[in-house]
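You will see subunit A twice below: alongside subunit B first, and alongside subunit C after that.
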Partner chain A sequence: MNEVVMQHMTDLPSTHLLGTGTPMCSGCGGLEALHEIYDVLGKNTVFVNAAGCMTLLSVYPFTPFRGSWLYTAMASAPAGAQGVRDALDILLEQKCIKKEEDLEVVVLTGDGSAYGMGLSATSGAIERGLDFIYICYDNEGYGNTGQQFSAATPHAAKTATSRGSSGFAGYKKDLFSIWAAHKPSYVATVIGSEPLDLARKIEKAKQMKGPRLIIALAPCPPGWDFNPRDTVDIGKLAVKTGVWPLKEYIDGKVIHNIPHHRVPVEDYLQKQGRFVHLFTPKRNEEMLNEMQARVDAYWDAVSE
Partner chain B sequence: MTRKLLTGNGAAAWGARLANVDYVPAFPITPQTEIIETIAAWSDAGEIPARMVTLESEHSMITAAGAAAATGVRVFTATSSQGLLYGMEMVYTVAGWRVPLVMVNVSRGVAAPLTLESDHNDIMAARDSGFLQIHCSTCQEVLDSVLIAYRLAEDKNVRLPVIVNLDGFYLSYTREPVEIPEPEAIRKFLPAFDTKNSKFRASTPTSQAVAVLGGSPYSYFRYETHLAAMQAIDVYGDIAKTFSQQFGRNYPAIEAYRCEDAEIVYVMIGSFSTKAREAVDQLRQTGTAVGLVRPRLLRPFPTKELQKVTAGKQGIAVIDQNISMGKGGVLHTEVASALYGKSNAPKILTSFIGGLGGRDISAEEFYEMVKVTKQAINDGVTPEPRLLYTRDEYREMQKLQAIAHVEREELETTQ
Partner chain C sequence: MYRIRFHGRGGQGMKTASRILGTAFFLECFEVQDAPRYGAERRGAPIFSYVRASRSPINERGVITNPDLIVVADDSLIPIPAAGVLQGITDNTTLLINGHDDANTWKHRLNINCKVLILPVTEEVEDRAELPFVGSACVGAAARLIGVITEENLVEAVNDEISSLGADLIKQNIDQATQAFELMAKHEGLVKESTSKTPLDYEQPEWINIPFENASISAPTIHAAATSVEVRTGLWRTLRPVINYDRCKNCWWVCSTICPDSAISVNEKSEPVIDYDHCKGCMICVARCAPHAIETIPEQLAQEKEKQTA
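Up next is the complex of A and B:
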């Protein structure tokens, strides 16, 4: 399969690799993305995981993965990937294993690890030119512990540790740019609700060597406070409003999928309980304008 | 066989070289750095096939070491002090993975206050991790212990990582003549690493280090690791015997020096035990029946061997180069728990803490320990633990404090 083949939804893999019955929450946007990613990557993979929601995918004696899995710790999944990759390379070099036994090494972490505790290990792995894929499912908070704010939490969102009337005072960290500043082979943002875009990017990453890093925005029903059935709609709105830019870094350039008709940011916000204080009991016009203005400024800068 | 003048660090690097290691994840820290510099130089010159990678922290270094061992290659790494503590989460974690790698720790005191010099608080912090521990007192022992450690770690009844410990400065930077065994002899003693079912391969997908739910499976795996460590005592004994037959150097789990007819024995680990050995010889000349007991294995703890070697003695003086705040010496506690209630155990168990942060333990202090222990035997009462510190040291310390006060006052008056 290559990029040319994936032009329509019907070109996407029709067999699904990841097993069902996992302990993820219903409507998990991270699991949605992982399903789609895994279908493209295939079973000849070893997922190296950091502490987060998805650590619970493989709980003794079950695993939904057809391939391999290694849990490390919250801070050092990229270093675990380094050890596995180097060991496989050594074994290939020594002709102890055949080429067919080789695996794609895939780091799988949440935003808590990717944006914070694991950033130093990621920086090290990129700078060493490690041949690996990094998947961050970004649900914009420490989801596994009950959605406390993280470095990925957006401005004004209510979390378990920002319950005040203005929500989270900080701003979402620009991990895409931080990663891209290392000049890796590839960086991309994806979302499960845009499966064709996601599959193309994963397929592209799969064909490359070196550090390839993917951030998947992961709408989180319990963390963002919405009905699990709305995961896809909210994901689509994240893209349509321009809140979640779909973009790639490749060959030193950032390329955007520019939304043709951006809809107002509040269409995205008002579907989520974490932003309800911006609408009731009184509409917070100032804050809503500020948030719209920030998204507008982003896209103005892109089109310049 | 060749003989070379090697530092303790050089001997550790030679151990890794002779073990024909595949992979060396590294991170520099004093006083360990010479080990990875030596291996890097060999690797750059193409003298060894090992692949080396410098990680961005010890936490990552130990993660990479464990992950590579879990994939099926022979791994060597090294650290010290703050580095060991920074990587401590992964020290516990990779031990739980049951991966047979060897890590050399060059002991150095831990902050605060910050110091570069040696004591054993760093290695004691790893005591309960699941890593086995071999403690060395000479450079020869460092090289030999690395080889023994691989065979121990990779034994099918053990499958646990091993730390080989040597003291910073006193061993790490001291040159001693070291016999370097021939690679062919090593190959006979230490066959190639058999990864068994611990590996990641396309044809045999594996999940390693997964989570468990509930205390029952958790307890099962924790007990299993403990029992594997316990099995390592006998396995170690067999390996040491084979090593002795093949290379003529004997490394029992506990080294007993002039203990047979001793009334009082010192118990201590590491390079300072060579000072205790000298004190034993001196005291013997004055007619005092003293011996030295030096555990080489700290994990697993050789309880039975300790009971045997101390049986019937009148008193034991334990010297700890570590301090557990609010309790005292860790080795003292270990010895007490191994001997308490045993019918032939010495009645008196005295405790001395010294040699922290590179502080020397003088011959006079060793003599004093025997004097105190003798007195305790006569009185039938074990005294409180002693923190070794001399009047002269205290006077020097007061001088430093006086300077600090003057500096502070001057700063305050000029503001």
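Up next is the complex of A and C:
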């Protein structure tokens, strides 16, 4: 394992593989994570992309990638990855390509596909032990179509389809645990605002075989309603408040980065327009307490 | 039929502007189409939306190429060819510009003979992507220029379209719309309806016959790496981050790593360099630079300075 490489921030790559000029929104937290991930994965990577914001990355004749990219329907990116992996394996077996020409097959989808429509195809792929990496950029809603709620939308967030005074009534699905329950090689959560933690986890995943699944929380300026300059600040707060636990599933165990001093959840909520109804015109003390209690309970269970 | 095109930047409310104008027309018993251009609603990026209104059924579809009225919320877009502000402009078109320069300056600058009107800028902001209420002001002015929309229906249309924003914001938008409506009183009815086209008016494009090619050449396959660099997303920028190298600690990883667009690279001297052809102006680098070595300058100001020194 090659973990030594990523000891310090200055060990991170200083040149970037992902091309400029993409149509992603200014300040996109998903693109930030992807460009950091791509630098670690390297250019021998083939992306299999389900419908979502990042479908727009490769619009003919433009692509930010150095290699191939395949577009699939929203529910079937892991199935597409299976086909690509099989084809590469056949080429290897028939000695049509050399070992060093092999590619890492990487599924790239948003939360709409990962948490919802594509979950069944992912489950099947993990069952079959498919050798692939899955990257979910999770902006907690159907961002590309105007931020309707998805299975990843957090409780009380305002979305295009949850406009009432209490926001989204449901709760964010625990995809990490669902994925981990399949006992794949690796599951991890990351965020672009913590590039060193992200690079270490991607480096670790890269050294492994089998299904390796990554969820990157992706602060979304238009969808979460904040100024694009705050993408990294909000990402850091998601971690510091304990709302977005940085964790790994490896060898049957879940390991957390436990935040030393968790700051109040409302510090995170307050910076986002999608939660403004919790603060104005009247502070919704009950809801804020409930949300804090939920995060506290999570970390209490972790430290037991 | 009236054909109106709104041009602005993502965040300036052009989509809502077209909806408000469409609703106002509808309240006047017109048949209406209003739509934003799909797929490019990115903050700061040039966008447009359009409205067709007619007393009889509308058979035209798609983007308006022969506008009777062009409304420009952000005058910095006019010289950008990719924004397509002047597309299809003729001597019969009316051009309404939200900006500082007077009408004659624009006529001279653009070498055009059509009617040009100025909607004076009411508020100065550093970040043009956040021009407040400019959409409503544009609608108010457009409604008066068209001359078939009453103030009551204009107000009702604003109410209808932004009802979810809360009483305060609704009131400010209505104030902006009605002030602009008043301001254009002496030009009421300046924009005239133009004739509807029929299928008989359709002109065949000049076809070019291309011989059948092998799929390896003719299929839409991209053979080069990172071709997206050909897309100049720097056009989206309303604020410009500028590195002060005296303060930069040459840490190189912070701004370069967290820039979502890979628009900051590091040179041999381990100094970060911003690629202004592609920087979208999100300002994450400004927010996160620990020694505060990156400054914010309004894009227009930065361009004017560049012109002076050039």
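To be clear about the criterion, the second predicted complex is superposed on the first by the 303 of 304 C-alpha atoms of A that agree within 3 Å, B and C clash if a C-alpha of one lies under 4 Å from a C-alpha of the other, contacts with A are read in each partner's own complex, and residues count from 1 in each chain.
Note that in this section a residue touches a chain if its C-beta (ideal position, glycine included) is under 8 Å from a C-beta of that chain, and two chains touch if they have at least 3 such contacts.
Bear in mind that the values here come from a model prediction, so they are computed numbers and not experimental data.
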item: Fit or clash - subunit C, subunit B, common subunit A; value: fit
item: Which superposed partner A:67 touches (first subunit B, second subunit C, both, neither); value: both
item: Contacts of A:58 with subunit B and subunit C, given as first, second, both or neither; value: both
item: Partner chain in contact with A:32 - subunit B first, subunit C second, else both or neither; value: second
item: Subunit B versus subunit C as contact partner of A:283, first or second or both or neither; value: neither
item: Partner chain(s) touched by A:75 [first = subunit B, second = subunit C, both, neither]; value: first
item: Touched partner set for A:209, first subunit B, second subunit C, both or neither; value: neither
item: Which superposed partner A:19 touches (first subunit B, second subunit C, both, neither); value: second
item: Closest Cα approach, subunit C to subunit B, once both complexes are overlaid on chain A (Å); value: 5
item: Touching both subunit B and subunit C, residues of subunit A; value: 43, 56, 58, 60, 63, 65-67
item: For the subunit B and subunit A complex, residues of the former touching the latter; value: 22-23, 25, 51, 53, 55-57, 59-61, 63-73, 89-90, 93, 200-203, 205-213, 217
item: Residues of subunit A that touch subunit B when the two form their complex; value: 43-44, 46, 48, 55-56, 58-60, 63, 65-73, 75-76, 78-84, 86-91, 94, 96-97, 100-103, 120-121, 123-124, 128
item: Complex contacts: residues of subunit C adjacent to subunit A; value: 39-40, 42-44, 164, 220, 222, 225-233, 236, 251-254, 256-263, 265-266, 270, 275, 277-278, 280-284, 286-288
item: Complex contact set, residues of subunit A against subunit C; value: 9-10, 12, 14-29, 31-32, 35-36, 43, 56-58, 60-67, 163, 192-193, 195, 221-222, 227-233
